[in-house]
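The following blocks contain the structures, represented as structure tokens.
What follows is a pair of complexes built around subunit A, which joins subunit B in one and subunit C in the other.
Up next, the complex of A and B:
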């Protein structure tokens, strides 16, 4: 409670200065597109159809125009996860969980985890059509095992098939997919990470935006499983839970 | 643009500036390493929000940079009301890199705790780098 006064003071200062700035017109709100943003928007939507095969400008920039940037960003992210996997490769002593969470929490978690899986898959698979994408979907996916970890236990996650090893394998498969999708155009006479003439824009009359959907799906798997691996590492295994379940 | 809109916009910008200042205070003054890390994540997220804000347009109606059905007039309409897609694409990169750095720092803190049995910088400083 001792911090209430400073916080209220800061709030009051912000309100007063916001009013002063608004009346004086110090901070102007942007109403026009910047030239670079306009350039990208025009280039994404140009020429009778979509230049990158996707009606979504952000994903087009992310995996097509600035694709190499995203590729190396992904590699930095996974180097960090590999680093943490290495740093944390020691035995944690098991603890006894004194109290279980209530039935309400566990039932809600069961429903919510399934719904999170569905929503995250939708975010990732529609990444080339609507706002969203592989990374956003993957981070949403990782919330489901995190909820199960907190509401139930690490053992339950492992006995139901999501062990640390399996998470790392799924992550590696996703990364391998991204790498193969990036290198495949080279073998077909294109450039690295080339999108459209190499990959088909439509598959079975569905707009799949060339390589964008592959990147999104692989990134979804890699990020989701990578985060799950880190959560599994951070969590502490419980001693008594499995016996109680039986 | 009405005074109220400008006030709200200034309020958001100033609130973000205040958040940056508070997080800088947290990074500099808190002795607890975990609290330093929390302040650092707040700083990073605020910076990302700033970048998103620069790409926003204070107009009505405002649209995401998505064009569902291609047409000549549709592109013109989109350019009239869509937000800037570039900051959003850059922020995704920034978030991922920030997350990588945060994971790394979190594990450094765990390592410090394993070595010194404390996450308090004053306690760790007593060891004098040993």
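Up next, the complex of A and C:
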């Protein structure tokens, strides 16, 4: 066991240093909020002109106070996905029969996939009320088709309606939704990505936090479908790629 | 107090398994170690009151990241030379 000795050494060092730092009081947790954090916590739900209309400070910062940051982050993420779509622009041979995993794995996958879909929807759609949001929900959503892809086959996913083309279409619809929600305030005399009062805080007596719920839903679709598209491509074995004739 | 103990234990588990993942020559095993490390860090994030991070981190680091690496290992080679 060549690896045990260095591991024990590292562990001992970490524990000793952590103990020394903790007892000497070099590093201590802050006991009170910083002014900036206090501002966001107080104003995110009820803050007049500064309100985002949501009790969830993280989502408020992500899609309202620092909305442009998230918008550009999203565009970087989708440029990466466009890059991988380009890399895989081969023709693919039709496969008649693919190998599936055992009955136990398939049964568990059937149950787990449905549960993951429900949980991801709840993470994304309650993103403006409880921890969570579009990106978190979308990445959880992408795990469900991934499990089906591994336990069953690529073919089943495609015949049940989630083909590569459809995943890309859903992803593009999500992106369009984000863009339209960001640009809509401009046409109504507001600023770009403005939230309240352009978007209503309540819809049918439900707290929807203005534009936050729209951003969350569209990001959910875009991230989930984007990851799914990449996985649909990356799961193709190399031997099924066909060189295009020149 | 008890949450600090759990925090220390989970972070140490994360440290051990990230060391194992780095030094392991069987890459499939290394992906497994890295997934365990991710679970330990998710517990740490939860105890540090960052539930938003936990939700994204669990889905990405245990599900998507591991699957991506396993697909790549299938396309290249299982053992590190």
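Just so we're on the same page, the second predicted complex is superposed on the first by the 219 of 246 C-alpha atoms of A that agree within 3 Å, B and C clash if a C-alpha of one lies under 4 Å from a C-alpha of the other, contacts with A are read in each partner's own complex, and residues count from 1 in each chain.
Basically, a contact is a pair of C-beta atoms (placed from the backbone, for glycine too) under 8 Å apart; a residue touches a chain by one contact, two chains touch by 3 or more.
Quantities reported herein were computed from a predicted structural model and do not represent experimental measurements.
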(request) May I ask you to decide whether A:103 touches subunit B, subunit C, both, or neither, giving the answer as first, second, both or neither? (result) neither
(request) Would you check which partner chain A:111 touches, where first means subunit B only, second means subunit C only, and both and neither mean what they say? (result) neither
(request) Once the structures are superposed on A, label A:73 by its partner contacts, choosing first (subunit B), second (subunit C), both or neither. (result) first
(request) Could you figure out whether subunit B or subunit C reaches more residues of subunit A? (result) B
(message) After the superposition on A, what does A:5 contact: first (subunit B), second (subunit C), both or neither?
(response) neither
(request) In the overlay, answer first, second, both or neither for which of subunit B and subunit C A:204 touches. (result) neither
(request) May I ask you to decide whether A:146 touches subunit B, subunit C, both, or neither, giving the answer as first, second, both or neither? (result) second
(request) Mind working out whether A:131 is in touch with subunit B, subunit C, both or neither, as first, second, both or neither? (result) both
(request) Name the contact category of A:235: first (subunit B only), second (subunit C only), both, or neither. (result) second
(request) Could you list which residues of subunit A make contact with subunit B in one structure and with subunit C in the other? (result) 10, 14-15, 18, 58, 131, 133, 135-136
(request) Using the touch rule from the top, collect the residues of subunit A that touch subunit B in their complex. (result) 10, 13-15, 17-19, 21-23, 25-27, 29-34, 36-38, 40-42, 44-46, 48-50, 55-58, 60-62, 66, 69-70, 73-74, 76-77, 79-81, 83-84, 87-88, 129-131, 133, 135-136, 230
(request) Spell out the part of subunit B that touches subunit A in their complex, as residue ranges. (result) 1, 3, 5-7, 9-11, 13-15, 18, 22, 54-59, 64-68, 70, 75, 78-79, 82, 84-89, 92-93, 95-97, 99-101, 103-104, 106-107, 110-111
(message) List the residues on subunit A that touch subunit C in their complex, please.
(response) 3, 6-7, 10-11, 14-15, 18, 58-59, 120, 123, 131-133, 135-137, 139-140, 142-143, 146, 150, 227, 231, 234-235, 237-238
(request) Flag every residue of subunit C that touches subunit A in the complex, lowest number first. (result) 8, 12, 15-16, 19-20, 23, 51-52, 54-56, 59-60, 63-64, 67-68, 71-72, 74-75
